[in-house]
Amino acid sequence: MYFASDNAGPAHPKVMEALIAANEGYAMGYGADPIMEEVRAQVRTVFEAPEAAVFLIINGTAANSVLLGTMAQPWQTIFCSDCAHIHEDECNAPEFYTGAKLTLVPSPDGKMTPDGLRSKILAEENRGVHGPQRGPLSITQVTEKGTIYPLDELRALTATAQEFGMKTHLDGARFANALAALDCSPAEMSWKLGVDTVSFGGTKNGALGVEACVIFDPDLAWEFELRRKRGGHLLSKHRYLSAQMQAYLADGLWLELADAANARCAQLAAGLRSFSAARIMFEPQANIIFFEMPRREHKRMLDAGAVYYVMNGDPDNGDADELLIGRLVCDWSITSEQVSQFLDLLHG
Amino acid sequence: MYFASDNAGPAHPKVMEALIAANEGYAMGYGADPIMEEVRAQVRTVFEAPEAAVFLIINGTAANSVLLGTMAQPWQTIFCSDCAHIHEDECNAPEFYTGAKLTLVPSPDGKMTPDGLRSKILAEENRGVHGPQRGPLSITQVTEKGTIYPLDELRALTATAQEFGMKTHLDGARFANALAALDCSPAEMSWKLGVDTVSFGGTKNGALGVEACVIFDPDLAWEFELRRKRGGHLLSKHRYLSAQMQAYLADGLWLELADAANARCAQLAAGLRSFSAARIMFEPQANIIFFEMPRREHKRMLDAGAVYYVMNGDPDNGDADELLIGRLVCDWSITSEQVSQFLDLLHG
Amino acid sequence: MYFASDNAGPAHPKVMEALIAANEGYAMGYGADPIMEEVRAQVRTVFEAPEAAVFLIINGTAANSVLLGTMAQPWQTIFCSDCAHIHEDECNAPEFYTGAKLTLVPSPDGKMTPDGLRSKILAEENRGVHGPQRGPLSITQVTEKGTIYPLDELRALTATAQEFGMKTHLDGARFANALAALDCSPAEMSWKLGVDTVSFGGTKNGALGVEACVIFDPDLAWEFELRRKRGGHLLSKHRYLSAQMQAYLADGLWLELADAANARCAQLAAGLRSFSAARIMFEPQANIIFFEMPRREHKRMLDAGAVYYVMNGDPDNGDADELLIGRLVCDWSITSEQVSQFLDLLHG
Amino acid sequence: MYFASDNAGPAHPKVMEALIAANEGYAMGYGADPIMEEVRAQVRTVFEAPEAAVFLIINGTAANSVLLGTMAQPWQTIFCSDCAHIHEDECNAPEFYTGAKLTLVPSPDGKMTPDGLRSKILAEENRGVHGPQRGPLSITQVTEKGTIYPLDELRALTATAQEFGMKTHLDGARFANALAALDCSPAEMSWKLGVDTVSFGGTKNGALGVEACVIFDPDLAWEFELRRKRGGHLLSKHRYLSAQMQAYLADGLWLELADAANARCAQLAAGLRSFSAARIMFEPQANIIFFEMPRREHKRMLDAGAVYYVMNGDPDNGDADELLIGRLVCDWSITSEQVSQFLDLLHG
């Protein structure tokens, strides 16, 4: 009953096998390994983007930060959701890599609206040289609340950005989960909508630790490489990154795993809905559920061995009736039995 | 015949086995995995430093940069060899993480001298608020030229630093190779000599990609953690770093591998010495050899399948008699047979 | 009828005279001039802070940025009003000098509330190493809306900061105007309330360009000096900064000028209140008025030669009835006659 | 007998008069003052560069740093003399504003040679993504040793830079002194030779504190403005900068003052040459002299009231015969009588 995070589960066996296979003999370092050649081709095929620049990096914070460093100037502000990972969970890494500021767009359910974005853009940029200048937009898909932008909503955001001459970055730490839910193609969820760069996650969905940075304008490739190196993020034994991504993309494993995680989450959501003391806060569309439940129920579940985060209070101390927010995350490795076990426990 | 770099060989099977074993079930992320507990204890035991703060990071550039960030202020200058990795091979990452400058101490054979260091310290710091201030010293052991500081030379450098109130960082990307050569203890080569922090390498000596950052003053631990996170260097699925270091340190594997690499290098050096057209440039004390040889001989070797770097010219084009510098590096995986094959070819 | 800004008026004759007097003979540079000795004593006397470190700098952006650089760590967030100058008008200078983030506390009338501050502090700091850490609080007095925190409101804010171990910076670009309005002592409006550092403005109140940075903890002095120099803000011919501040502080000139500016603003406010088409938005307590008025009236005034900013629209184009916000600022040099001329014109 | 620095003398009366004249009535801030319009035209005329972008800033460190920030990328290295002001006297400000590294070209007499520069360029840039990349060249004219590059030597340096695709910055803190000595035009000493940007000094030659940043490629203007603002270097009451530069450039005052300073220096050099115990170290071509003299003679002069820096030792303590280096600097305000007084004392 481990629903704490999708970074707590194991890597998929096929990814481990690829890692082991890659550990044969000698290979040039720093991205010149032959597997990286293959990964580059895979990513380009997956995105239907034969010119795209493709780089691997160890985690989502690094992917976001180096990409944004390549897109933003230090006198600009980056527009993002007020619950974006780049704002809340990266300890100023985006600021470190860009020198820029973040402007937070209200997103109660995790999603920015075009009007909310526009209003922030207009508010920022009316002070000439005195204020921060308009930098890129960063959209998180799947959002931090577990919701998903449908394609038309994404398009409305990128169109708003384009109207002001701004580029768009997609934080796709859970890109696969969104794609599985929307049933569209990677191209349809990225460059066909006006997305310029993607942090394409692997870590949360079956890898040990690898993300692809996809840049649709290949002219930015060299700058990205220099920024990655300057951040200490170029791996010498790079083949171990390549092998993970190779296996992740081969034969659609990545979508298969995301489908599984989403399905377990749907099963979980259905069970929660039928438990009267719990209330799901946002429609769970991928692999994350936020729900409210009295402290006493959280305590009961946690004491019985369920593992998940209670976001806004101590489950052990306080008014037993107080509603506390819990977060449940399913990764690819959660089984239907584990979900049933949790739900059986919940319904007592 | 692969002598290009010690980052081109495979990871040791025991490291891979540990990785596979670590891939079971769920584990808390971000360094809270149980293996990290064990690694912390291992490193403290190895260094006889029960209070030391211990952190893992993906590569040497990151280890050096985050450690120096924790030690240097942005208005200071860091003293290092003029061929130090932090100067030549990290694309300004140390400057990025510290904001500081580097002051280069001449080191023709890779080693700084106390007099050379003192002279640079005195030259920098005589301008009050106008010039950069004295920051830490960073020593590379094994040096970039394959030489090793004996303990008394190390001590003379740290003593010079201490005389001016400066701390000392040890870039130990090849710490194991130096230790194997000097036959002393890790404590004797670090804090007992006045070293304050160590980048303790694993990547070049049998790991996939892991370095330990060892900080003997535990008061700096939290700042290090924040700087590591802000650099995007905190891994979510941290157990895969932990497992590598655990296996690397278990049962003295790390020293065994370094011994092997050093021994292959000694075998190679002996063979080179008996080849009259080649001249070894610095006494090879660990696993790296720099040697001069006419272009024609380099070309002959490379055409025959030897893999190594020629540092200062194109082996294929130019005066056949011109002496060019070659670099040979042995990692743990090089066999005695491979060395013999190279030497047989050399001696024709 | 020049109400555009308090940086548009001339310097006071006594300041100019001091500048001329300072231009005699030779003087050591970089703050070692004898006038600076005197200024240091003046500021310490004014603030009843005999140990305070005192430095001069050319403008408010630099004063704020270097002071905050000395107070904040790059992994922290600085708490400030959502209309603070450091957020809106300094083009990321505070981020540049600190590496930190700004957390914006809602302040509809320019003033943060203790509850609003507390709520932001609690929201930021609950994510361990992942989120930004708590950095200093920066309070603007007079606020950007022309309002003033009474002493008890200031105290409630600094007390909230102290409760969380945070230091407080006071952006006093209009410190004199606030003091004149509150009729208290500089010490009462700063360190006696728990303020740790002050940007003490001179530029907007009769100087050519000088601010004092006052640091009540003298242990931070040397770091400030290094940060000022590293920002390019240490003047070689420093006596010209010193002379301005000397004259500004001599014989209470600074308070006299602020009194005059505040009085003109009160006169202006009284006249506006009796004009039915205008509505004052925040109680003007110092030398700034924000007011709403139909576009047609703004246009009439501006066409007739009044100079001030219309903040949220083009006074020349659009619905004549639409209410637009105007900002009127009085500096020390505005005369009662100029105000009367404006009001006569307004009342037509 | 004040030869300590050319930042220790007063501002020229005409500059002060212009400042006083500028202090009339209201003026738009932040560079929108009418005098700045005039200054822009003056500088463009002086440099025969009708398209050049022209900005004012308070001192040389800021001018150099913001200009280099506009020219260099954070993964590059800037090539400069090993005694350049940007290296020795700016407390890492260039590193702060650029993120880049400095590569020091040996310059025993203050001057880089094309071969020395080429050798450093080639040494830096042979490591692909691993090492710092080639950034701009920064040349100091007059050098820190008081020597001057003739035009053909300047041209050889900029040509070397251009050969590698590098831009050139000229640190002209003493531009006027060099021009006066070389008897050429500003254009001939800048863009006609391939110089891309100039820090055009005023402070050391009769102003209170102002430098012009001249950028011959106007496309960089907006980025410069944003970087200046972000550094806290945009003055609100900008007219006081404008007025200084206006008077400085009017009627050739700047060249007249530099001529005077150079002439006093020549007088001083002639007198030193006839004093057998002193030895001039570099041919003084502008307004600075470095000379060696026994400690006893330095002590005698300083005790008698001469003011200048002894660079490498305490004049009061040590072997009386030891040769110590003294530095004499003449600013525009030094009179022939003051020089004679010094020389009479010397010859005693």
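Think of it as A, B, C and D in the order they're written, each chain with its own count starting at 1.
Rule of thumb we're sticking to: a contact is a pair of C-beta atoms (placed from the backbone, for glycine too) under 8 Å apart; a residue touches a chain by one contact, two chains touch by 3 or more.
Treat the numbers as computed from the prediction; the structure is a model and nothing was measured.
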| item | value |
| --- | --- |
| A-D or B-D, whichever has more C-beta pairs in contact | B-D |
| Chain separated most widely from chain C, comparing mean CA positions | B |
| Whole-Å separation of chain centres (CA-atom averages), chain C against chain D | 34 |
| Distance from the mean Cα position of chain D to that of chain A, given in whole angstrom | 51 |
| Distance from chain D to chain B - Cα centre to Cα centre, in angstrom | 41 |
| In chain C, residues with contacts to at least two other chains | 74-75, 90-92, 96, 129-130, 133, 226, 229-230, 234 |
| Chain contact topology (line, ring, star, complete or other) | complete |
| Complex contact set, residues of chain C against chain A | 74-77, 88-92, 95-96, 99-102, 127, 129-133 |
| Chain D partner contacts - residues on chain A that touch it in the complex | 30, 73-75, 129-130, 133, 225-227, 229-230, 234 |
| Complex contact set, residues of chain B against chain A | 2, 4-5, 7-11, 16, 19-20, 23-29, 58-62, 65-66, 90-93, 96-97, 203-204, 208-209, 226, 229-237, 240, 307 |
